[in-house]
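Just dropping this structure here.
Lettered A, B, C, D, E and F in written order, each chain numbered from 1.
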Amino acid sequence: MSSKTKKSSFTKLAGGALPNIPWQDEPRGNTEPVWRYDANPVIGRRFFPGADRIYNSAVVPFKGGFHGIFRVDGRNGVPFLHHGTSKDGLKWSIEPKPISVKDAQGKAMKFTYQYDPRVIKIDGTFYINWCNGNVGPTIGIASTKDFKSYKWVSNAFLPFNRNGVLFPKKFGKDFYMLNRPSDNAHTRFGDIYLSKSRDLVDWGRHELVMKAGPAWWEGVKIGAGPAPIETSAGWLLFYHGVLSTCNGLVYSMGAALLDLKDPAKVLMRSDGYLLTPEAPYECRGIVPNVIFPCAALTDAPTGRIAVYYGAADTYTALCFTTVDKLMDWLAKNNRVG
Amino acid sequence: MSSKTKKSSFTKLAGGALPNIPWQDEPRGNTEPVWRYDANPVIGRRFFPGADRIYNSAVVPFKGGFHGIFRVDGRNGVPFLHHGTSKDGLKWSIEPKPISVKDAQGKAMKFTYQYDPRVIKIDGTFYINWCNGNVGPTIGIASTKDFKSYKWVSNAFLPFNRNGVLFPKKFGKDFYMLNRPSDNAHTRFGDIYLSKSRDLVDWGRHELVMKAGPAWWEGVKIGAGPAPIETSAGWLLFYHGVLSTCNGLVYSMGAALLDLKDPAKVLMRSDGYLLTPEAPYECRGIVPNVIFPCAALTDAPTGRIAVYYGAADTYTALCFTTVDKLMDWLAKNNRVG
Amino acid sequence: MSSKTKKSSFTKLAGGALPNIPWQDEPRGNTEPVWRYDANPVIGRRFFPGADRIYNSAVVPFKGGFHGIFRVDGRNGVPFLHHGTSKDGLKWSIEPKPISVKDAQGKAMKFTYQYDPRVIKIDGTFYINWCNGNVGPTIGIASTKDFKSYKWVSNAFLPFNRNGVLFPKKFGKDFYMLNRPSDNAHTRFGDIYLSKSRDLVDWGRHELVMKAGPAWWEGVKIGAGPAPIETSAGWLLFYHGVLSTCNGLVYSMGAALLDLKDPAKVLMRSDGYLLTPEAPYECRGIVPNVIFPCAALTDAPTGRIAVYYGAADTYTALCFTTVDKLMDWLAKNNRVG
Amino acid sequence: MSSKTKKSSFTKLAGGALPNIPWQDEPRGNTEPVWRYDANPVIGRRFFPGADRIYNSAVVPFKGGFHGIFRVDGRNGVPFLHHGTSKDGLKWSIEPKPISVKDAQGKAMKFTYQYDPRVIKIDGTFYINWCNGNVGPTIGIASTKDFKSYKWVSNAFLPFNRNGVLFPKKFGKDFYMLNRPSDNAHTRFGDIYLSKSRDLVDWGRHELVMKAGPAWWEGVKIGAGPAPIETSAGWLLFYHGVLSTCNGLVYSMGAALLDLKDPAKVLMRSDGYLLTPEAPYECRGIVPNVIFPCAALTDAPTGRIAVYYGAADTYTALCFTTVDKLMDWLAKNNRVG
Amino acid sequence: MSSKTKKSSFTKLAGGALPNIPWQDEPRGNTEPVWRYDANPVIGRRFFPGADRIYNSAVVPFKGGFHGIFRVDGRNGVPFLHHGTSKDGLKWSIEPKPISVKDAQGKAMKFTYQYDPRVIKIDGTFYINWCNGNVGPTIGIASTKDFKSYKWVSNAFLPFNRNGVLFPKKFGKDFYMLNRPSDNAHTRFGDIYLSKSRDLVDWGRHELVMKAGPAWWEGVKIGAGPAPIETSAGWLLFYHGVLSTCNGLVYSMGAALLDLKDPAKVLMRSDGYLLTPEAPYECRGIVPNVIFPCAALTDAPTGRIAVYYGAADTYTALCFTTVDKLMDWLAKNNRVG
Amino acid sequence: MSSKTKKSSFTKLAGGALPNIPWQDEPRGNTEPVWRYDANPVIGRRFFPGADRIYNSAVVPFKGGFHGIFRVDGRNGVPFLHHGTSKDGLKWSIEPKPISVKDAQGKAMKFTYQYDPRVIKIDGTFYINWCNGNVGPTIGIASTKDFKSYKWVSNAFLPFNRNGVLFPKKFGKDFYMLNRPSDNAHTRFGDIYLSKSRDLVDWGRHELVMKAGPAWWEGVKIGAGPAPIETSAGWLLFYHGVLSTCNGLVYSMGAALLDLKDPAKVLMRSDGYLLTPEAPYECRGIVPNVIFPCAALTDAPTGRIAVYYGAADTYTALCFTTVDKLMDWLAKNNRVG
């Protein structure tokens, strides 16, 4: 049986149970691999005074509820990272001030801008990866154990880099990070690389994982989305792919399956998108036609997956699938192997 | 009487009766030269599994109903041509697989992409013109008599060319085709040329028919739309014109009247657009603000004209006019002669 | 007390009473410094036959009612200035023909295009400033006393210039004009300058007033909006600021306070926008995501301010504030001094 | 024996003897496949009053001497085609007025510009191919039998096309022409295509022959040079290849061997250049670093080949090789087959 | 007799005698309208310690010798204006420090950069025009009577402007200045405008004088060179015209004749260039292929004209002509009237 | 005494004696901080069959003579690294085949291209840094002890990076490397960064060392040249700076002094260039106007420094200075501190 049709229904999610995962059952008659939360957007515009838009943001379960690191663009248009909490992952309380990251001397650092955070838990510590404006756009890393104090770790790479995403566990002694070398503007190219580190500070052993294209929906560039999700079949990666049109770029969401041991090996990769801008909150806003996934929650016993995504660079939205549904779809729409 | 005010109400449509032409009467109080079908879009998104968007497509009457060659962009964003049928031109059944075009040896050809088809009936044969990705974007031609088997004819021109549209009858021994020389990307220029051929294979005797601009609504580029419609006054050509804004391009529809014997002569040309993006399905979608006409149906006894157009590179839509209404408007808004 | 928190509630509007100023009270629970007219847009699309869109336009009180000079883009996409009148500033009657500007010899001038007018009353004469296509895009000036006859004054500057706006009173013997040096296309930069003249014909003594950025909402370029409003605290300037995104530009409205005697001195400047595209008529249209203020009405006794702005380069809209509300907000969100 | 090393020393030039071919013996110690004429440039600057530069030009033997069609750029920088004669191919007499091309009605045509001519003799008629500015840059064709009267044949293709070069004999009933689809400026891409025609007027059956790159010396674009030279091994094609540097483009000369019967088949192609700009007249001039071959003379009995090339878009120069030398070199430096 | 052939040999130079004008007689056999000084360049590279290149500079007769304002690019590449003196206009002594320009308060001003000066004597005062970096690239004006103290006059225009050149006498109460609106980089367009002022401070009444093109040698942009030279036939203007090639721009020198009373009227304009880069010092240097005239000396009794020009943005060079020679040539190569 | 004038004549070169350093005494009357070898270029064009140009290359003393790693661009324009030897550093013998780099398994690696090598000796091992085309342009590292066998170390960084240069000794446990983040084409920006590593494989702790500009000679980008030279005053860094002109880029050489312990601290930096293209072999070639230093030899006892540089991307050239001369000059032309 070829990979194009291989049965994947026995794929198991690693990780524990998350009974209070935000969830809606698949709508009747649904033919799509993922479905939108019907009360989207989860976070609307002007969420608190001074906030203009809250979108491309990361959520993790913590202490029975949910914590998030949110990209908040102020009225001046400059984005910083804010902390928020929620009981159900749907109604959020977000702090009006950015998180304070302390350097090795315990001094609060100043940032020129911070955006598109991911939060990854490794061995009990939460690591925040974001696009950091200090010394160019590159991948900043900070850590926290309590979402109260945040320690600076490093700028992982030289500029220009975006969409850095750690794997949620170590590979032997190494941390692994997906990332996308970029340029200093609205980069018109971009492939996903894998880089390795023993200490989250010095990085090397870079490998090309996936190139943009040739499918048109991801013809311009691609970038890793939420932290890869461990499954029995491999690392499930949601990513964004970008189409070029005469009226700008369209960001859609796709999925790939990476080898458990060597995630530079791509086992499966969706031929088409999983989700593409169609809902009003995805098509209208400051940057129309953007779906940008940044975080995923999973509930291993049920196989449920909830993906948070930025919509139109304006809203935070949510969509759902199950590991079975998704892996079946991926197997049928696989263009690799 | 100057051409600017000449009476055109006696213009007759050539071609026969098409009593089942899709149709809606002009809305009361209408002041526009064309009016939209109120149940637009005719073809919505995700029309069949695997199809993302069906738009810029061509429809012809055949055997009492309607057949169409549709541009279908799959989930991977790559467009191919699909065949569809309809009894009323409104509700369509579209085949999930692209049409199979056979080469001279009867072998099914492979295509890298196919888009923006037109279908033109000449002497009982239907010719399909489209933008063909094999050997660059240029004008592919195939023929069919039954919409079951399709024969490859030629790539009419060298790259780069788009919007090739045959005239629906021969001029002596010659086929005539309107077309637009382009470049290898989102061409920021474009004029309409006329080219001639005895056999649909070798083309020459190229003439410039209409240049883009200077009116701003068509200041960037223009391209022929449906096959020219024969009338007693000349060939009626619907075409698209493109405006440049700081947020991208806007595609509107205009009209021109070409000389019956020498269609490189422009008798009338609309000073402004006929139809410009305003409806939600024209303004929101993968490429906002696009109206792209590709096919027209006519009913000679009533003078009715139905124009199919792509909307926002996402939907197929329909609008209506009559030859009288249109020719009156064109005479009043003519900027030629 | 630092400028960031200084109390501004005693600021008085200069100018007289305008009891019939268009007005809606602040909505309950409003937290924004300005609020939209709930029946926006004031002027919709296709307002009269031949008009496509009426937007970026200027309104002044005159003879108990309101007169306006409107940017009207015809169906051919080319803009010209039209005169309109209204009793309440909301329902408008607009002339289908452009205004006729006479040269020194009393001959009607021909214009290639005219757009983005402002109207400023100085010592009983109304001056119209607009972007004039004769001899490049630069600032044309004409005058009228009755909105019936219009006299040509000058092209104030060499090309390329846009967004020229006179101050509504003279400074000693001098007229002052804000303006924005530009280039010959969709300028990707732009700062506000001040220029001076004794006769509205010869201009010099140019000074840089405000630069674009570094805040992202105004990172690309800025341009003066309505004529500066005289207040006891300084000249209140509404202006537009432009954000760059991968899908185009976003135009928002900000405010600044200029020194009464030397308006090249910026006393206060909003750190973030006052109003950014959110309403459907601001986000959808020929140029999505544009708020472009061109005129303001004030009523000194009540402190009411009504701002007319172009929306999406498609509609004319209205928003409201009071001088107290605005100055308070500006003081709290000030990034200067 | 692989094509990389195949012996080619028995290759014979077709065509007759040309005992007075311009010639210099290979310099002692030469290791290059071609060698420059040591009295280059053959035609210097300001050759006659009103002429600024004479370069990219074509030469053929005729009536015991040599005739040429020369690209002459006037002091105004606009190029036209001039006729010249020479006894030895080295000292030229060039007419100060452009050639007069007559249309079908015998009327002298007007041209906006004409450049980069080739002259090809087929069945006793000389055909001139050039880049013709009438109706865009495309390939103009004219014919002459005596270099006194010139008849217009056609614009072979739609714009944009450059470097059209006919084969010097027919293939059955067909004329074949190499050509390079281009854009409307300093085209940054370009591959060589083959097109066919029965009458030199209507052209079709286009095939891609050779693509630019991947070698860097020809990484940007390539274009056919002199008319292909018939040999017993295939059509010998000199062509130009273009390198991109941070200070502009570098044009070098390469060679390929095309199949005698089906010249869309490339039998051999040089891995590196034959000749690259080094001489002062190649490196300094209006366009530094350009070698642009346009014509070749051959003497079958001796195997001698003389190639005329434009140097720095400023001079006409000459270089030499023999068919044996060249074919040996090509066999050793072949990257095809 | 049409202007194309009109006899101009009686044209007289205005201005007095300058017996020590730098001069070389026309070389025997010369067929060109101007001829180069055979000891060019007049000023070589690294003229004094700290100077890298001295080029685009202005020279005037003063007190029996010559004074100049020189563009000196330091080793850091930043240009400033330096004063120099010479007895014969050939051997120069240039001060190692930039000139000190005093503001109205007598304070020495600081400049970010200064380049491409012209010096024009009007009513006994020398005015320096240059491209001034304070507040954008625009035209700075300073005055001196003794080349010892320099007074700031104004920035004549808003940015972006270059190549501002005053006329050497007033027109009634008005100063006239030729200038070229530009953009903020290596402007790829540029026409010559005329602006007027009563006080050299406020400028207006702008008129378009000459547009670039259509001749290719001046197809990209044009700019006034030395101050216009008064003759009995009109103002003789040397200017630069710019050709675009795939390897950059080529600057040549042309000439025009402007109406004595209304210099916005062009009486004659050369169809081709007068002088184009050919000499080694014009073709090799920091910017190859640049001839940029900035100053002219005249001797009325003999009709001699000496033109100083920048060569390759690296050297100062000199060429010669006579008013008779030039006017004859211009009459024969005139493309106006 | 301020840094601008501080005496530096007691600066000592670290490193040992190199009595056979290539050398020429300073020419009499020299006023420049460095002087060219009068027999430049050291390596001419077409140095061995198959080699087109040998330039940007690195030389080190080894076993009493000199060894080099040379950038050799073949006739196909693709660069690879070749090994060469010389007794005197002037006459070279270069191997016709690229060096063979072995991976960890001892297998010879394949490279798409290799260019701009530096060779740095650290603790007895020679490290080669170059711009490596495998997995994007980034910094490849290999090591050798004998210039016979070469071991692959790593791609130090993610793409896009160029001009990576190791320091010739370790800082505690760390290797330090200067480098320049770039983009995927002819990068129009570029600053020098410092990165650190414990094993030459994983790199981090990136710091910005020097930014391009504001001086115009280095306004576009800068890049480290030879390995930093240890002196008693600090690390002496030769680097290239790039000027933008309308006809392309100009590469000159400058110098800086970095702190011995923390080389991210810039102690001195030249305000202007040390050497700028003037010699014929620097101004004419495939890329005119390029001076690109890649290697330096020093002789501590005499203070002599010989710098190898690429000229016009075509030749290898040599220039000389002494540490005293240079430090004096740098102190006088210092713009830091």
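In this text, a residue touches a chain if its C-beta (ideal position, glycine included) is under 8 Å from a C-beta of that chain, and two chains touch if they have at least 3 such contacts.
What you are looking at is a predicted structure, and each value in this text was computed from that prediction instead of being measured.
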Considering only chains that satisfy the touch condition with subunit A, which of them also satisfy it with subunit E? C, F
Using direct touches as single steps, what is the fewest number of steps from subunit A over to subunit F? 1
Which chain's C-alpha centroid is most distant from that of subunit A? E
Note to self: subunit C rotates onto subunit D (CA fit) by an angle, in degrees and to the nearest 5, of 180
Counting in whole Å, what is the centre-to-centre distance of subunit D and subunit E, each centre being its mean C-alpha position? 42
Here the gap between subunit B and subunit C, centre to centre from mean Cα coordinates and rounded to Å, is 42
Centroid distance [mean C-alpha coordinates] between subunit D and subunit A, Å: 56
Contacts with two or more other chains occur in subunit D at residues 247-248, 284, 288-289
Pairs of chains in contact here are A-B, A-C, A-F, B-C, B-D, C-E, D-E, D-F, E-F
State the interface residues of subunit F toward subunit D in the complex, per the touch definition above. 45-46, 49-50, 52, 73-78, 186, 247-249, 284-290, 313
The residues of subunit A that touch subunit F in their complex are 135-136, 138, 154-161, 179, 181, 183-184, 189, 193, 195-198, 201-208
Subunit F partner contacts - residues on subunit D that touch it in the complex: 31-32, 215-219, 243-248, 250, 271-273, 276-278, 280, 283-284, 288-289, 333
